[in-house]
Every structure is written in structure tokens, then in C-alpha cells.
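One chain, chain A, appears in both complexes that follow, with chain B as partner in the first and chain C in the second.
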Partner chain A sequence: MKFDVIVIGGGLAGMTAAEALQSAGLKCAVIAEGLSLHNAPRNAFRAAGGTLLAGDRVTGGDFDGDRLVRVHTEKLGDVALEAGAFVLATGKYFSKGIVADMDKVYEPLFGLDVEYDADRSGWFDPSFAAPQRFLEFGVKAEDGRALKDGKPLANVYPAGEVLAGICGAQGDATETIRKSGLDAADAIRRAR
Partner chain B sequence: MQERNISANNFEQCQKCSICETVCPVMANNPAYAGPKRSGPDGERYRLKNGIFFEDSLKYCLNCKRCEVACPSGVRVADLIQQARIDYGRKLPKLRDTMLASTDQVGPLASAFAPIANFSLGLAPVKGVMHLALGVDRHRTLPKYASETFVRWFKKNAEDKQAQYSKHISYYHGCYANYNYPQLGKDFVAVMNAFGYGVHLIEGERCCGVAKIANGMIEAATRDARTNVDLFRESVKAGREIVTVSTTCTMTLLEEYPTLLKVGNDQVRDHIHLVERFLWKAIASGEVKPVWKEDWKARAAYHCPCHQERLGLGIFTMELMKMIPGMELTELESNCCGIAGTYGFKKENYKVSQAIGKPLFDDIAAAAPEFVVCECETCKWQIEMSTGVPVKNPVSILADALDLDKTAILNKPTK
Partner chain C sequence: MPVKNEFDVIVIGGGITGAGTARDCAMRGLKVLLIERNDIATGATGRNHGLLHSGARYAVKDSESAEECIRENKILREIASNCVEDTGGLFITLPEDEESGYGLDYQSKFLEACTKAGIEARAISPKEAIEMEPSVNPALIGAVVVPDGSVDPFRLCAANVTDAAMHGAKVLVYTEFLDFLREGDTILGVKVLDTRTGQKAEYRAPVTVNAAGIWGHGVAEKAGVHIGMYPAKGALLVFGHRVNNVVINRCRKSADGDILVPGDSVTVIGTTSTKVPFEECDHMEVTPDEVRLLLREGCALCPALADTRILRAYAGVRPLVADDSDPTGRSISRGIVCLDHETRDGLKGFVSITGGKLMTYRLMAELATDTVCRKLGVNKTCNTAHTPLPGSMDGRIETVSKRFEGGATAGQKGAAGRQGDLVGKIRFESEEDRKLICECENVTLAEIKYAVRELGVRNLGDLRRRTRVGMGTCQGTFCIRKAAKALAEALGQPELADKLAADYLDERWKGMRAVGWGDTLREMEFMQRVYKSGKPYSYDEV
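What follows is the complex of A and B.
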């Protein structure tokens, strides 16, 4: 099944990006493993005619060089979803957008490059209220595109908390997260 | 430190985020229900200690599975609740529950006496007696029974024509198409035949069991499940994929057999196809070619039933319907209609059932479509009763919108 843009993740960043793109006339699908409480962008996206795959999960994707061509999901089985561009808005640890092991932090879907400290002892401060370094970790990007093996992918745009440096759990990052969704949408439109 | 989930239904993955509570249609309308988080994973921690912590209020869960769709951690919240009802529910099903749930025992009887059954079940005094004595709500009209079942019609009119096709599928019709609405089965045969598929019955198919599970008749449901899986295996062996029309039956066959009834379906799972997905794939890949009627036009709204939402296959219905040139289709916001199979027929649930459905009914009234597109039979009863807007199954819409004769000619195998 073909779309112009597929957004992976239905939180604030993903839905904001999807709504902006769908309203601009692009055919978008959002794959949301679990729902979020950000109803306003979701309703606007649906009202604009966007496709929401609620409760489904991306299991992997096929690359052609530096381009992501299609993703596979748990529920659609052998019907893959193809698109020209992909927004990765899978969030941080809670939603498994990035995953922490004892010695590394990684992005589980496509193995994108993740920014994190090599020395584990600096990951967290035992004082609960202190700023926590691990919350700053996330996927690396260049000009809005995700890095993989040190090079930017052609059409994968991370947005929201999956990105390094964006963190909603410390202070109010709502506007930063929303803006990163809009930035991803802008970058996709510019690239077309 | 325990790092991996070791309990059933991903119970240990619950992070208490409560998103399930925000989407539960019952919790919003019935204060007696503690909600999916507390009835499911929270309650399970206590029940694992001791079964006395089982609460009767779990019966208010209508098993719509919206909590599972909403869960970001993959917890099978509704399955936890159903499993607890199976494991700890102490009360035997009432006579009413047994009658409502035994679709394939009551069906043949009611069909045999259809005119009498339909007439008398519609009478106010009969409804009054059923309301008081059985607890079937008087506001409900029980589904009509057909005097000729789908199976009888098929054997008489269609079976011997199926050999002429080069491709063959097995049709799991379910109870509804057989006893209540044979027209759906006839439409299915017409559409499949036009696309060049011969249709075969699954001789001896049993009810999927969903109503029995909901009403605590687990042994009967398990027996039916075993029979069905065996029959599906035979069909696969004979080279015929199994095509289903009911979303609830499909969810039960695919999901509830292994999780709730512990009937393994690994060997047949990938061979069971919901008709909308099956046909979308066949048309999109060019394997079959539709010829649409030139003057067919409709303005419709799609209601995605809860169990379709859980299956995650509603996208195929939308895309399939959008293939029809004259179709102007909007998608209704995803809300439960409130009937939940036998749930809404019970007197104690009627008010809640209608309150749950209200946002959907309001949406339908605002959209004012010529008809609602919906794959689910019980949603159809509820929406038609509550809004007066007719509800059509996608298969029946195809049967109407396709130029069946021209489609059949185009899809005839060339030798």
C-alpha cells in the first residue's frame, strides 16, 4: 500500500507532522503503537482525511541504499507500507523509541546512530531531582535527517523525543516537541 | 532482577499509564465498573495471590478491546479480564445468557419456525415477558431469523456451479449470515464468483464461540474451536484458503483461540483472511479486475467496529471502498456502538449500551450519510435501531456496485 509519507509514532511530534503534511495535500499514514493523550492533532489529522493505524507496530523496514522504501507491521502481515518519506517519532525509553542496555543505547527499528555517553557512570545522577543525562540521549540527525553508520539517510526524518537533546520528562518541552514535528514536515515538503 | 515478561497477556509490561482508562467506553458510562487497568493488570496482581480478589464487576467489560489498541506496552488488558472471568467466575450462566450465546443451537430451531419466531418475538407482550422473566431488554428487537438458512440456499442454488472456477476458497459464513441474514452470504458468493473464485462451505463449521466466551460457556466454546481448527486444517490441505466476513468471528478465530481457549491455531492462522483484505490485495495486485457499474453513486460513512479496530485491518475496508468510482466515503470517529454482541441485549446493560453508543449516533446524524459502511453484524442492529440509518456490509456494497456480469467475463480464466 502506497503513501506519500508514513509517520511512525502517534504522539505529539508524530501527529503534528502528520497533520501538517496531510493538510498540505500529501497522503499520510500514522502507525501508532498505543494511543497518546494528544487528541487535538490526532483529530485534526483524521478530519483532514489521514489514515491512522492504531494499535499496530512497525516490525522492520527495507532499505535501498540510503532510502527507506517500505515498512512492515505486525497486523498488516504481508502487505507492506511504501512511502517516499518517513517520520520517525517513536519517543524515548517508555515507548521504546530508544532502548538502553547495560552498556549501550540503541534505536531498535532501523539501527540508527544514537548519541549517548560511552562512560555509563555519567548516564544518571543518583539525586532524583537533578538533571538526568540519560534523558538527553537520542537519535542523531543532520539537516533533519537521521544518521545511520555516520551518514544521513535520504528520507527518514526523526521528530520529537526520539531525537537527541529533546526530552519531555525534564521541564516542559511541549513546544519543542511540537516544533520538531513541524520541522520534519517542512523538511519533507522542501525535499519534494 | 527479572528482566523479561514471564506471565500471560504481557501483564508485567503494564506501566500504570492509564491510557486504557481514557478509551474505555464502559468506564465513562458505568460507575460500577472499575475500568480496564484496575480490572485487568492491577486486579491480576491480587488474583494471582488469591482468587477471592476476583470481582463480579468484571462482567461489565464488553470486551471491545479498545484498551488493547490504546496500550503503548502491548498488554492484553481485555484478555486479562476475560481470562479472570473464565478462571474465577463462580456463577453459572443464566438461562438467558445460554440462549443468547448458543447461536448455533438456537439458530436452526428459530429458522425452522422463522415466521412464528419473528412474529412473536416482535410482540409487545412477548417482549414484556422476556424483559421480566429472562432479562432481555424490552427496547431491543431481537434479530430476525431467516426461514431459509444460507447453507440451505447455497446447497439448493449455488453449490453445483462452483466446480467451473479455476480458483477456490472456503467460506466461513458464521452464524449471522447463516441464520439471520443469508443475503450477506448470497452477496459474498456473487462477488467471489464474479472475481473467478469458486466458493465452498466448510462442512460442519461451528460458531466461532465469541458469545459463549462472553457468557462463560468456556467448555462449549473450546469444543467448537477445536472442531473449527480441524476443519480449517482440512481446507488448507485441500488447497483452499479460508475467507471470513465477520470481523468478530475473525478476531475470535485468530486471537482468542490461542489466548483464551488455549486452542492452537498456528497451522491455519495465516490461511484465514478477512474478505476486505483478501479482495483489496487481489485487486491491488491485479490478480482480479473489477468492472464497476457506470451510474453507481453513494455518499456513505465508515464505522470501524471495535474488533476490526483490534484486528487493525480497517484500512483495507476503507481502501477497498475508495476503489469504487462513485463512492464518496467519510470515516467516522472511532467509537464503540455499545451493543457488544449479547451485552446490549441484557436488561441490566441497556442504558449503558445506549449511552456508550451516543457519540457515534451523534456523529452519524451529523454526517447524514445515505448509509453506514460496517463489517459487523451486531453494530448493524445497534446503529439501525438507534439512528434509523441503514448499515451495509462492504461485501453487499461490492455486490451492488460491481457490474457482476462484466466482471465475471473479465475474470474468466483464458485457456
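What follows is the complex of A and C.
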């Protein structure tokens, strides 16, 4: 199955990007693992003819050089989903957009570059109420494209809290997250 | 400034040893003052496995400790039934233990030593062990069943304090020992500071007992006597659910991370043993290396731990004592040390009780109280081995729960489990009272009100130690605002709610920071999100 754009993650950033792209006439699919609380962009996306694969989960993808060609999902098994561009809107630790183990923080789907402090001692402030450094960690991007091994990928656009520096857990970041979804959509349209 | 107060005996330290000593002294008719600078059970008492040792761990190397343990094990099952869970225990042998000299030959030696110490131990096949405890490492080549159990040290300590008070003892928490009142070679009493009001006071008694755990070192110094103490830090990890139902030990020489204990709704692995400087004892942090070690050894006992969320890490300091006869201080005793400083140092009116373990607190208290009585010329025998503690006088949860008309709710059953026969004092008067505040541990508003009314609770940490509020799988994420509001209102100071919640969150955060990766880090992000993202949650909404 082939789409213009596949959006991985059905939260605010993913849905905002998907709705903007579908409304602009691109053929989009959203793969959303969990429950989306963002009804308005989701309904608008479906009304505009978008494909929502709810309750499915991306397990990995195939690259051709610096291009992500297709992704595989848990439910579709051997049937891969192809697209010209991908939005990665998988969120932070809680939704497993990035994963921390004892020694590192990594992006689990494609092994994208993640910005984090190698020295764990600065990750947390002893005061719960103070800003927490670990919540700033996330995927690195250049001109809207995700970095892998230090180089930007051609067609993978991170959006929302998976990105370094964006976090909704320490204050209201709704507008920042929505804007990053729209930025990803704009970048994809510009690249076409 | 000084408030003059006369007692027969002053006990310094509200851990299990001080609480037990206060109870024993009060039961023997003495007028007792117990002082504690924080809340009860805030030192090593609340920072251990909560293991009701069978003594098997000590059987091979230290038969005296083993015999003490099994005797006290049997006593605690009788007098503190409400604090004890009879889980049973396994000592397992793994294939790699053969190579390090702790294979099945050692198991035979172990069995023999247990039997000699009076510990009922029998070998079972690996298959039987897996049937008994399905989470055990299936690679095991041998197992021995022993009468281990789990004990809630907070509850045990609180029950001793409550009983001491019921026998007339005066209990002052958040009261810091500052110095001794002395005249020549005699200790006459203590100077203390109420850490909440800033007020100082003096209390007098012919005998003062130092039961301050590792801090007893400093207390003794103030009296001008030296106890060669060895602060041994022990780190532990709590897992997000009850992984095992039977205590799992490794059948080999005692080592790091070789005991896995189920306690209430969680499982605890521990411990390590590192000498730390005295000034660190107030600020224990668990290091990444300790966590790594505990995880590695824990997974050898129970492989499922590798995929289980760690709730938090914590550490306590064992008050080990160097043998008086060894000037190098290297020969460390794990046994009980009861010092009459009059015969030892020529200082009258001062006794130190230290060393020992949670398991043998009652015996420690008995020895200390015997010494106090001897010094006071009081001839009363000890009855603590036969007298049940409050909460443990009237059977089990089922019996207690029957008192509720129309059957007990989850919150009432939880309260019955925690407060035992004292549950009758909890007033479930309205629908509101029956409402659950902490849903992990089933704590109701009524129980919180009771804890404030009867158990001297002043903050959420105190409340946690009495009711387990916020101790379960969500670590307070969903209940702390509600609990803070309920507590502040019960204290008659509703404006305190935010401060109570903030202090509690910092304390939980400390335990989580040490294990901040994987699923624990996901929980930490979630916790931040619940409390800090955008609009403030109302108390009732969270």
C-alpha cells in the first residue's frame, strides 16, 4: 500500500500534521498506537479522507540510502506501508518515542540520533517542582529532517515531543507541539 | 526556657530498638520518655528488606545469631501477627554456585546447620521449588524450604510505640537530642529541641538509653564515651508489583543482592554492604553501581525482574559495632551490643543498646530494659515475648473485617490489614469517610483521619509509614494531592496542602531518580505531566 505521507503517532503533533497534509490534497495515513485525545484534528483528518490505522504499531522500516521507503506494523505483518515522506510523532518516554536505559537514550524505531547528556548525574533536579533536564532530551533534527548517524535523512520529519527541546510535561506546550506538527507538514509540502 | 520533667528512663531513638525498649520499660512499670528527632521508623528501621528472617542465613557461620533469629521469628509471629506475613522462604542453589564452592555439598552443610540451630529446613526438588514459587530461576539445581516471612517494619515500630504510650510512656517525635545534662560522672537527663516549634526543653531521668542506631555513635560521643561503630550502608530496590510470593534467598555465603522479599503489594531486592562516613548517614543516595549489582543478582534469583518496573531505590545504614576487644575496629560483630557505661566507662546513668537487627529488636529491648531495671533496682520480669502488640491481639484480617456491617469494603479490609484490631477506632461515619484516597493501597479518608487523631501523623511521610498511602505502584502520582488535602484538613490547617504535597513528591522523586531509566523514567515523565502540565489539577480531579 502506498501513501504520499505516513504519520507515525496519533497525538496532537501527528494529527495536526496529518490533517494539514490531507487537507492540502496529499494521501495520508496515520498509524496511532494508543488513544488519541485530540478529537478535533482526528475528526477533520478523517473527514478529509485520511486513513487512520488505530491500535496498530510501527515495528521498523526499510531504508534506501538516506530515504525511508516503507514501514512495517505489528498488525499488517508482511504487508508493508510505503510513502514518499514520513512524519515521526511518537512522543517522549511515556509513549516510547524515545527510550532510556541505564547508559543511553535512543530512538527505538529507526535508530535516529538523540540529543541527551551522557552523564546521568544531571538528568534530574532533586526538587520535583524544578525543571527537569531529562525532559529536554529527544531526536535531533536539521531543517526539519531527522538526523541519523550525524546526517539528515531525506524524508523523515520529526514532530512534537519526540524532538529535543519540546516537552509538554513541564508546563503547557500545546501551541509549540501543534506548531511543530504544522512545520513538519510545511516542510514536506515544500520538498515535493 | 527549660521545662522540668522527671522520668524513670529516657530512651533516645524512635526506631524499632527504641520503640521496643520504651514498650518493655513501660510494661515493667517505669515512667518512660521516648524522644525521636524525626518520625518513628525513619532510619534503618524503615530502610531494610522487611524480612522475617528464619535465621537460616546465619546458620553456617554464626549459629548464635541463627538461634536468636528463629526464636524471635516464632515470638513475632505470635505477638505481632498483624505485622507478619507467613510467606515461607526458599534457599536456592544455582548451577554457577557449584563452581564457586557453594553447590549441593554446601546445601547439605547448610541443612545440617539449620537443623542444629533449631530452624526447620527441608530440601525439595527443583520441580517442587518451581511449583511453590513459579517466579524462581528455573535453572536452579537445589532448594531448601525455611520458615522465612515478611514483616512490615513501619507497622511493627508503630505498634510498639502505641503500646508504650498505652502503658503510660510519653512519646515526643520531631524532638532532637541536643546534649546531656550531667553532673560529674553522672548523666542526669537530656536537652532537646522541638524541631517544629524551635523550642528547647530539658528532661531528667536516673537512666538514659541510647537507642539511636547509627546515630548512637554521636549520642555516645556527647556523653564522652566511645562506641566503635561501623556504618554499613545497604541499598535496596522496590519493584512495581509483587513478583514472588515466597522469600527467595541464595544458598551460599551471604553476599550482595541475594534476598528477594515480597511485602504487601511489592517486591524488594537487597542488599549491598558498604562502609560509609558518618556524615553521609543522613543523606543516603543509591549509586548506579549498586543498582546494577542488585539487578544482576536479583535476576539470578528471579529472571522476571529484568522486565519489571523498578518503583524506587533506597538505602539504610546498619549500626554495626566493632568488637571492644579489637583496637583496630576491624572485627565487626553482627550481634547485639548492650553497654552499661557505668561498668564500661565509669559513667553513671547511661546505657547503649545497638548492633543487632530488626529481627532481634525485642530481645535487644529486653536486654536494655533488664540493664535499666538493674540500675534502678527494679525487680520486674520481661513479658514482651508473650504479650501481643496492639493490632495483633484479635486474629487476622478476616476476623477483624467481620466487624463491619454488611461486609467490609476494600478500604476497610485494607485498614484491617494495616491497623489490625485497632481498626475499630477508625470512624467510617459517612460515605465520604469510605472514599478511597490511595487506590494502590486502599486507604480511605477515615483511616487518614484516624492516623492524625490517634497516631501522631503530621506530614505525608508520617502518614505513609502508618497507612502505606502513596507506597504502591503509582508512587503517589494519582493520590498525593487528594491525600495532602485530606491530611491538611484533618490537621485543621487546609493551607498546608500544597507544602505537604511538594515535600512528599520530593521524597518520592529521590527514590525514583536513582533508577531513572526504562519504565521508571516513563512513570517519572508521567508524574511530571500530571502535576506540572498547564492548568493545575483540582484535588478531586487527580
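Throughout what follows, the second predicted complex is superposed on the first by the 192 of 192 C-alpha atoms of A that agree within 3 Å, B and C clash if a C-alpha of one lies under 4 Å from a C-alpha of the other, contacts with A are read in each partner's own complex, and residues count from 1 in each chain.
The rule we apply is simple: a residue touches a chain if its C-beta (ideal position, glycine included) is under 8 Å from a C-beta of that chain, and two chains touch if they have at least 3 such contacts.
Quick caveat: nothing in here was measured; it's all calculated off a predicted structure.
A.B. asks: Applying the document's definition of touch, where does A:94 land relative to chain B and chain C: first, second, both, or neither?
C.D. replies: both
A.B. asks: State whether A:120 touches chain B only (first), chain C only (second), both chains, or neither.
C.D. replies: second
A.B. asks: Is A:40 contacted by the first partner chain B, the second partner chain C, both or neither?
C.D. replies: neither
A.B. asks: Given the touch rule stated above, what does A:56 touch, chain B (first), chain C (second), both, or neither?
C.D. replies: After superposing on A, A:56 lies in contact with chain B but is clear of chain C.
A.B. asks: For chain A, which residues lie in the overlap of the chain B contacts and the chain C contacts?
C.D. replies: Of chain A, residues 94 contact chain B in one complex and chain C in the other.
A.B. asks: What residues of chain B sit close enough to touch chain A in their complex?
C.D. replies: Residues in contact with chain A: 15, 17, 19, 22-23, 68-74, 270, 277, 281, 284, 309-313, 315-316, 318-319, 331, 333-334.
A.B. asks: What residues on chain C touch chain A, complex-wise?
C.D. replies: Going through chain C, the ones touching chain A are 288, 291-292, 502, 505-506, 508-510, 513, 516-518, 521-522, 524-529, 531-535.
A.B. asks: Flag every residue of chain A that touches chain C in the complex, lowest number first.
C.D. replies: It is residues 92-94, 96, 99-102, 120, 123-124, 126-129, 132, 134-135, 168-174 of chain A that touch chain C.
A.B. asks: Along chain A, where are the residues that touch chain B in the complex?
C.D. replies: The contact residues of chain A facing chain B are 1, 29, 33-37, 43, 46, 49, 51, 53-57, 73-77, 79, 94-95.
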